[in-house]
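Worksheet: one structure, shown below.
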Amino acid sequence: MALLDVKDLSITFGGLHAVEEFSLSIEKGQLYGLIGPNGAGKTTVFNLLTGVYKPTQGSIILDGRDITAHSTEEINKDGIARTFQNIRLFHKLSVIDNVKTALHREFEYSTFEAMFHCGRYASVEREMEKKAIEILKVFSLDTVSSILSSNLPYGQQRKLEIARAMATGPKILLLDEPAAGMNPNETAELMETISLIRDRFGITILLIEHDMKLVSGICEHLTVLNFGKILAEGDTKEVLSDPEVIRAYLGDDE
Amino acid sequence: MSFLTTFVNGLSLGSIYAIIALGYTMVYGIAKMLNFAHGDFIMVGCYIIFLFSSNLGLPPFISILIAVVLCTVLGITTERVAYRPLRNAASPLAVLITAIGVSYFLENLALLIFGADTKSFSSVITWSGLSLFNGELQIQGITIVTIAVSLLILLVLQLFVHKTKEGQAMLAVSQDRGAAMLMGIDVNKTITLTFAIGSALAAVAGALLASAYPSLTPYTGAMPGIKAFVAAVLGGIGSIPGAMIGGLVLGIIEILSRTYISSQLADAIVFGILVVVLLVKPTGILGKKIQEKV
Amino acid sequence: MKKKINISKTSSQRLITYGMVIAAWIILEIFLHTGLMSSHLEGLLVPMAYYAIVAVGLNLCVGILGELSLGHAGFMCVGAFSSALFSLLTVGKIPDGLRFILALFVGVLFSALVGFLVGIPVLRLNGDYLAIVTLAFGEIIKNIINALYLGVDSKGVHVSFESLMALNMEPEGTVLINGAMGVTGTPHDANFTIAVILLLFALVIVQNFIDSKDGRAVMSIRDNRIAAESIGIPVTSYKMLAFTISAAVAGMAGVVFSHNIATLQSTSQYFGYNVSIMILVYVVLGGIGSIRGSVIAASVLYLLPELLRGLNKYRMLIYSVVLIAVMIVNWAPGVIEKRTEFFDRIRKGIKNGAA
């Protein structure tokens, strides 16, 4: 059974079919790419999958459970975490606090303990700190853990967003243009990190990306979206050599 | 008949709220900020008229004209100096807190210049009004003038917004500032013009308010200002006819509850209405919904 | 290694704040007992402390939750009246010290409850609307209590919004709230030392809260609500939690207020939105989000004009100008850019100079 099973997902904004009958099936452990020209509706799909928008039709099944009607907050609990195209960090919190905030569900103490720093507070905070550092290490961010997140360079901000999403312990991670604004070196490094997340932590990944080198380099499967509809779907190599995809994606003149 | 008298009084107060609310709603709709000091512009207008009319003996009409001009200058200056630098601030609270600072500034400046004691304002309207139904319904001159002026302002504003190039620019900026800028609209100029109109209206409202309620203190404008904002929200913020309706409804409710329920609880009732409206229909009577982009 | 440094850094910051408050208390107590302090100044000490407490509570709302409340004077009003009523009813029945502690519980509990109830509708809004609706609630609370007549006699509790006569009380009954005349006879249980202890208590709670998983969750909502939802933060409950605590802290200040005044009246002078704005001025000038700053600003700005009598006339004017200037310098994107450039140039200049 597929880990994420999306059927006939549609949404309209004031008569415009932003996404129409979108279906997707991702197996556990897959590294899956969602590509398409600008304005094709890729981010809208992410917003639908994470409950930011409610679909006008269709269903989202995660691990055998229907989560279509769940709120954003519940969906994260169900096991979907995401990053954003326009980075959304907690900019006035330090790097490590961004990650610790995302660990809120895994570590527990009461508000009373929070207000008086008593009981489980000290030990749980210590555990949280340890776990957060561990996660930051994966992204080589542990050396900048006490810096304000808004003071990080752009590439590291993108990485921190992934780290924060990972800290919520998701089954599937949605990355919205993770390489946007990165130079080739940073992109190469990012590709390694993404593969590492999948291989070492067993997290399934669905990503939106324009960088074809990254897509062809790490994605095993692709879905191509154009004007809100699926244009092609399948094995990365096959999809990328599909003449229709090339035409839609790169334009007629190329 | 006493009910009718009360109702007309409510209409009069409502018309004053409406004029203030028109200024509020335009500034909120176009500059996207709550000008907390708007009510204090009214107070400044009152003191200017008081100064020129009662102290220097100028005819009321001339004093009002001076007040309109000075309040317009005050509005434009405030926007330029205090609000514009913060237009793109990281926190939306920044400009609101600054507006509160401006309100504080104006009140305390007036306190310093004119003192805390109440000045009695002599009405700018000398007409004694109408006596209907064999004298059973007395309508004061100020009441009639207030209602007429507010309707006139509504009419002129509607024509201005829909028929002139500047008005169309205002609509464009209120809908999408970025797109308006790309279309070649001078956003700064448009916002300045909005503040100018709003502040001029505040001066007119001041003349009417102080004529109807002739005791003048540095805090005269604060409460009517806040209530006019409630009226603007009630009518649907950003909507010109909405501000008019909201103002009238609020004025009538306030006077009715002052007369028939409790004068002490009238304000609580007015504010209660704000809470209920925002819960039931947050966009007000004539407002539109805006969705946040992700 | 690193981890330990981090933890001790934030807690040492907290300790500095406590130390500061205690040091100020010791100095002022010395002045008090050596008779170096005028009786006028003496009367200002307790108000200074309770305004500092409200400022701490308001900063939790404005700086940490990121929502502007203009209704905190209303929560203070609830704390003041509920605790005053409790003390009035139990005076002579419960020993003094215990009675005040219980009154404190009552005041804090009621203001927290009202804060919670107000928060349900208010926190669905944001920005300007939230500010104006909190103002509305503050005024509603003030006006209702101002119009309220309350009394007890052998037949039970009597309530009226009309007049004292309308209460229809037996002659030997007790009038608790006499409409706009308010509450008289609340035992004078609060003093400067107690007010300082409560300020410390408020500081412990608020500062600890900020440095906890709950505090981080609240700040994450402030920084980016959509991202906070995406990592599963229950946004509404955390907003409610922070707002309720903030209201409760304001209520605590209200308890001190009512047990330090002979006649407690629900007037604009004490509980109107202007008081909320004055406290906001303290919070902004002390630094939005800086709890220690709020305490310093509230104390200094409250005392300073009283000490420098000549300044009194101009103080509000000066505060308002400083407030506007602080906002523009700290928040205007254009100014921030120029400031950063300026400091960069200085830094480079120093480097070049050193080399």
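We call the chains A, B and C, going by the order they appear; numbering starts again at 1 in every chain.
As a working rule, a contact is a pair of C-beta atoms (placed from the backbone, for glycine too) under 8 Å apart; a residue touches a chain by one contact, two chains touch by 3 or more.
Here the structure is a predicted model, which means the values were calculated and not measured.
J.: Averaging each chain's C-alpha atoms to get its centre, pick out the one most distant from chain B.
T.: Centroid comparison gives A as the farthest chain from chain B.
J.: Whose Cα centre is nearest the centre of all Cα atoms in view?
T.: Centroid comparison flags C as closest.
J.: Let me have the rounded angstrom distance from the C-alpha centre of chain A over to the C-alpha centre of chain B, please.
T.: Chain centroid spacing, chain A to chain B, equals 48 Å.
J.: Where the CA atoms of chain A average out and where those of chain C average out, how many Å apart are those spots?
T.: Between these chains, centre-to-centre, one finds 41 Å.
J.: With chain centres defined as C-alpha means, what is the inter-centre distance between chain B and chain C in Å?
T.: About 31 Å separates the centre of chain B from that of chain C.
J.: At least two other chains touched by the same residue of chain A: list those residues.
T.: Counting only residues that touch two or more other chains, chain A contributes 52, 84.
J.: Name the residues of chain B that each touch 2 or more other chains.
T.: Residue numbers touching two or more other chains: 294.
J.: Residues of chain C that touch two or more other chains: which are they?
T.: Only 226 qualify.
J.: Using the touch definition from the top, list the residues of chain C that touch chain B in their complex.
T.: Residues of chain C touching chain B: 62, 66, 68, 121, 124-125, 127-129, 131-133, 135-137, 139-140, 143-144, 146-147, 161-162, 179-180, 226, 273, 277, 280-281, 284, 313-314, 316-317, 319-321, 323-324, 327-328, 330-335.
J.: Quick check: in the complex, which residue numbers of chain C touch chain A?
T.: 2-3, 6-7, 204-205, 208-209, 211-217, 219-220, 222-224, 226-235, 241, 245, 289
J.: Spell out the part of chain B that touches chain C in their complex, as residue ranges.
T.: 28, 33-34, 82, 85-86, 88-94, 96-98, 100-102, 104-105, 107-109, 111-112, 226, 229-230, 233, 262, 264-265, 267-268, 271-272, 274-275, 278-279, 282, 292, 294
J.: Name, in rising order, each residue of chain A that touches chain C in their complex.
T.: 50, 52, 71-74, 76-77, 81-82, 84, 88-93, 96-98, 100-105, 107, 109, 111, 113-117, 121, 124-126, 128-130, 133, 145-146, 164-165, 167-168
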